[in-house]
Amino acid sequence: MSVIVDYYNYWIVVFLMMAGFYVVISANNLVKKVVGLNIFQTSVFMLYISMGKVSGGTAPIIIEGVTQYSNPLPHVLILTAIVVGVATTAVGLSLVIRIKHAYGTVEENEFQNEDDAI
Amino acid sequence: MTEVLIDLVLLGMLAMTALRVIFLKDLFAVVMLFSIFSFVSALIFINLDAVDVAFTEAAVGAGISTVLMLGTIALTGRTEKKNSHSSILHLVVVCVTGAALIYGTMDMPPFGNADNPIHQHVAPRYIEDSPKEVGLPNIVTSVLASYRGFDTLGETVVVFAAMIGVLSLLGTARPTNKRATPESGLAKHRVLHVVAKIIIPFIILFALYVQFHGDYGPGGGFQAGVIAAAALILYALVFGASFAHRIVSPRQLEVFAPLGVLLYASVGLVGMIKGANFLDYNVLASTAAAGQHYGIIIIELGVGLTVFAAMLGLFYAFSNQVERSNVQ
Amino acid sequence: MSILDYFSAILLAGGVFFSFTGAIGLFRFPDFFTRVHAASVTDTIGVILIIAGLLLQTSFDLNIIKLLLILAILLLTSPTASHALAKSARHGGLLTLAESNRSNDR
Amino acid sequence: MLEQHLPALAILLPLIAAPIVFILGRSTVVWLLATFTGAWASIVAFQLLLTTLAEGAIHYSLGGWSAPWGIELTVDALNAFVLLAVTGVSTMVLVYSKESIAKEIDKAKHGFYYTAYLLAMAGLSGILITGDAFNLFVFLEISSLATYTLVSLASDRRCLTAAFRYLIMGTIGATFILIGVGLLYMKTGTLNMLDLAERIAAFDRSRTINTGLAFIVVGVSIKLALFPLHRWLPPAYTYAPSAVSSFLASTATKVAVYVLIRFIFTIFGPDYVFYDMGMDMVFMFLAIVAIFKCSYMAAVQNNVKTILAFSSVAQVGYMVLGISLVTTTGLMAGLIHIFNHALMKSALFMAVGAVFYRVGSVEVHAFKGMGKQMPFTMAAFTIAGLSIIGVPLTAGFVSKWYLVSAALQQNLWVIAVLILLGSLLAIVYIGRIVEAAYFHDVPEGRDASKLKEAPLLMLIPMWVMVLANLYFGIDTSLTTEAVGHASEWLFQSTELLEVAQ
Amino acid sequence: MTGVLTATCIAILVVMAMALARALKAPTVYDRILGVNMFGTKTVLFIAVVGYMTGRPDFLDIAIVYALISFIGMVAVLRFFEYTAPIE
């Protein structure tokens, strides 16, 4: 029982990661791939934030009368990672738009047939 | 106990949403669900005490990313065609990866336990000493801007790099597009026009509040930049991009974004000239506390400027593509 | 609990009640336009009541302004969004139940 | 005054130059500024290498915060050595870029090219000298984003799909690294590499650490295009502009190999990775397969850039093979090959770019008769090709020599023979091109009088690289001293050293 | 009082779950948008109530951001899909 209480959060987060990962590698449509990538990354962020939680703690902004704060470091790391995520998304999506212009399709199997793949 | 209950319900919602995304073929629905996914994960972040992260995730994940995705599917079409190749191999890869992670969890420190190593080694100094060493109540801002300021410089550069990538791919939007008329906005929605006019000044005011209140509450340069960009994005959506270009032109954005990076870096260089290490704020003023304070204010400004310019620049580039395809 | 707390509790309960009815309406009403009706009207009253309930909990500080700002934003945006959505749906060719019945009869 | 700031300068020079270049736009000034920055960064790297060889590792606390709390830059012989290779080659490619991109990239995009190039350089330098595991991820993403941009700048539409595939694979790799670092952080509570190493050593077999290791290794393997995760690399290098292929082939995968070495040797410790987890066998197997499969693939291609791209994957195999031997000599072989391969691959891609500049095609038949028309370019190509094969008096020979002797030290005769067989395959794919260049005439219908030698600004950097190939093939004192220091230091803390010798 | 707030909070969660159900499985695309919109509004209220429940109401800023962003998202949907959205 204690195993479940200790780890339920991590397990669900792992499930979410894998759902996102599956979308990335299996989707045929490039936009959907990018969405999957975002879900994958957001779930990894949740893994980090879960580590930083202290039961009974509160947000790491100092106020009087509170001594137990959650760990601020994962928050800092994930702030950076979120920005990295949106940057990748933006570049990925603009590549998708250019691919649509160049090939007339954003389905992976269709433009692979057009060019001889290496 | 309530925390745990809320956590479970929200995680359940996320799981449902993620599962649905796998099977939906309508990309429009997929993007809508992604925005819900982002919102709910931000709620989880709040519930796990990461208010700054929630702030950013809501503004970036649910805001900017969703808008960009919507713009993309407006150009590329809304439905995914049937998946032709078998996905058993993919499923196996995912299962193996997931199994590895589950195997890894079996030995993790328990969730939420205050005795975990992560709460023992580096973090206590941040919590106990940062109010004295840096002088801000918001520990996240202290760590972000001072202890790990180099990461944040990197983060700013990442945003700048994304802008470079998007502009080189999609071309820079030029305001001389004569065919863009007020018609290109949501011209028929008069109610939207009125409401947008009322609300946009508040958004900009709020962005300024977030910029300067980040030392005391959730927020900071990054979030403020995104919110300010969101105000102009709203303006561009409702009235048409050519009107937004008159307020802040794409060319100005191409100067603002690199300037923000340079502003950030120059704070570090001043520290170097004064004989300390790069990004050491202590030497910026006569006392260490004042130096930290000035340093953080300036770098937050740099971050805000770059993020504002980059986010708005990204949106301009995307919406320029959409408008061009509508004209044709 | 003080008298203010009782009032607050009543307001919150009212807000929750209306939110529920709206959510149920989202499922139970027959066509899209009635569903918009159910959702947006109850949304607005629910927001007003719940924020009012919270306002009674607040001591006199910045939070009052923030709550009022939230209220103002939601009161402006939520009906606007519903309105624009209904308008688009109409424009996109969606019919009300009565209309689709009529066209079926003909 | 600048001496104490050398580590920071190595990252900051390109990092600060990039936004300035972007503001200035697209003129010759930009090219001069970028090249100047590159040259300065190379000098900094050289000074760093000399300092570390003389005085040992340098630690630089950013923001004045001491190590586990703040971010620290750590420079030792290992990363200073790789940094020198990366900055030096990047600078030469920058010189080469001016003429090359004038032909291959739309004029309006030249500003983007130089900005993205400098950002990629800053990112790679950051990966190399940071001492913080999360900071490494941030710089990895800077360099990756800039790289996707660079690849997508070409005019061939296939560069877009190549860049997209690269982006998806690269981001998956980076996210895996992020997961791995997160798991380590969870168990130890620190992100500083040296601190992590100390704390990981204190654990006796933890499942979380094992999983962290697995995720980091897989993530880095994607980045370094280790077989079978190499599928993104050949299209990316084939369809990118020639200057970009030259830059990426000689720097990006090399830095990824460095990251692998850093994680295995400094953070996890070779005892744990190789003894407890048995990773050396996995690496050795994959490396051998990579060498043969990809050399074969290179031999059957018709596009010369694809040939060189597959050859790059095969050469990464040699580097990983060196690491997997788990001896100081093996590691030295891997490290020397990082340096030497950067020299030869950049020269080869530059030569191909020069042919493209004149002929407009990179198919093998486009090289026919080029030995007469472009003698200097083809001579450079041939010498660099000999270096890939591993002919004596070239740099490639030195790496092969160390690799074979490391295998023989361990009595792995089979491996030594396989390495030599791999070189035979290299003769095949390099030989085809050289044969086309020297033993065929210019095909009918192509006006031979127009096919003259490449411009001087392309020849000079190309020949600098070729001469470096020859120099480091003859005088190996600098390279061996640096890698000797590095690998001894990396094996310092392990009992394996005694076992091996 | 915390009891009342907790109850409110859970009730709002249930409403959110219902709106989510509508967004996951909707008869028309407009119903989906409606569900998402309702979800957004309720989320704002949820954050506000949780702030009071945990005794740190200064995080209302996040609720404001939510309200703004969900409005902008809605406008973006209309802008990009106004007359292109076919009925499912």
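Structure notes:
To keep things simple, chains are lettered A, B, C, D and E as they appear, and every chain counts its residues starting from 1.
Here is the rule we go by: a contact is a pair of C-beta atoms (placed from the backbone, for glycine too) under 8 Å apart; a residue touches a chain by one contact, two chains touch by 3 or more.
Computed from a predicted structure; not experimentally measured.
If you take subunit A and subunit C together, the chains in touch with both are B, E.
Note on connectivity: the fewest chain-to-chain touch steps from subunit B to subunit D number 1. Of all chains, the one whose Cα centroid sits at the greatest distance from that of subunit E is D. Counting C-beta pairs in contact, the chain pair with the largest number is A-B.
Mean C-alpha positions place subunit A and subunit B at a centre distance of 13 Å. Subunit C and subunit D have Cα centroids lying 59 Å from one another.
Subunit A and subunit E have Cα centroids separated by 21 Å. In this assembly, the C-alpha centroid of subunit B lies 29 Å from the C-alpha centroid of subunit C.
Each of the following residues of subunit E touches two or more other chains: 33, 58-59, 61, 64, 68, 70-71, 75, 78, 81-82, 85. Along subunit C, residues 69, 73, 77, 80, 84 each make contact with two or more other chains. Touching two or more other chains at once are residues 134, 138, 141, 145, 148-149, 152, 179, 185-186, 191 of subunit D. The list of touching chain pairs reads A-B, A-D, A-E, B-C, B-D, B-E, C-E.
The touching residues of subunit C, when paired with subunit B in their complex, are 69, 73, 76-77, 80, 83-84, 87. The touching residues of subunit A, counted against subunit D in their complex, run 17, 21, 24-25, 30, 33, 37, 40-41, 44, 47-48, 51, 73-74, 77, 80-81, 84, 87-88, 91-92, 95-96, 98-99, 102-103, 111-112, 115, 117-118.
Listing the residues of subunit B that touch subunit C in their complex gives 186, 188-189, 191-192, 195, 198-199, 202, 206.
Residue ranges on subunit D touching subunit B, taken from their complex, read 5, 8, 12, 15-16, 18-20, 22-23, 60-65, 68-71, 109, 112, 115-116, 119, 122, 126, 134-135, 138-139, 141-142, 145-146, 148-149, 152-153, 179, 183, 185-191, 199, 206-208, 210-212, 214-215. Those residues of subunit B that touch subunit E in the shared complex are 2, 5-6, 9-10, 13, 16-17, 20, 26, 28-29, 32-33, 35-36, 39-40, 42-43, 46-47, 51, 54-55, 58-59, 62-63, 66-67, 70-71, 73-74, 78, 185-186, 189, 192, 196, 199, 203, 206, 210, 213, 217-219, 223, 227, 230, 233-234, 237-238, 322.
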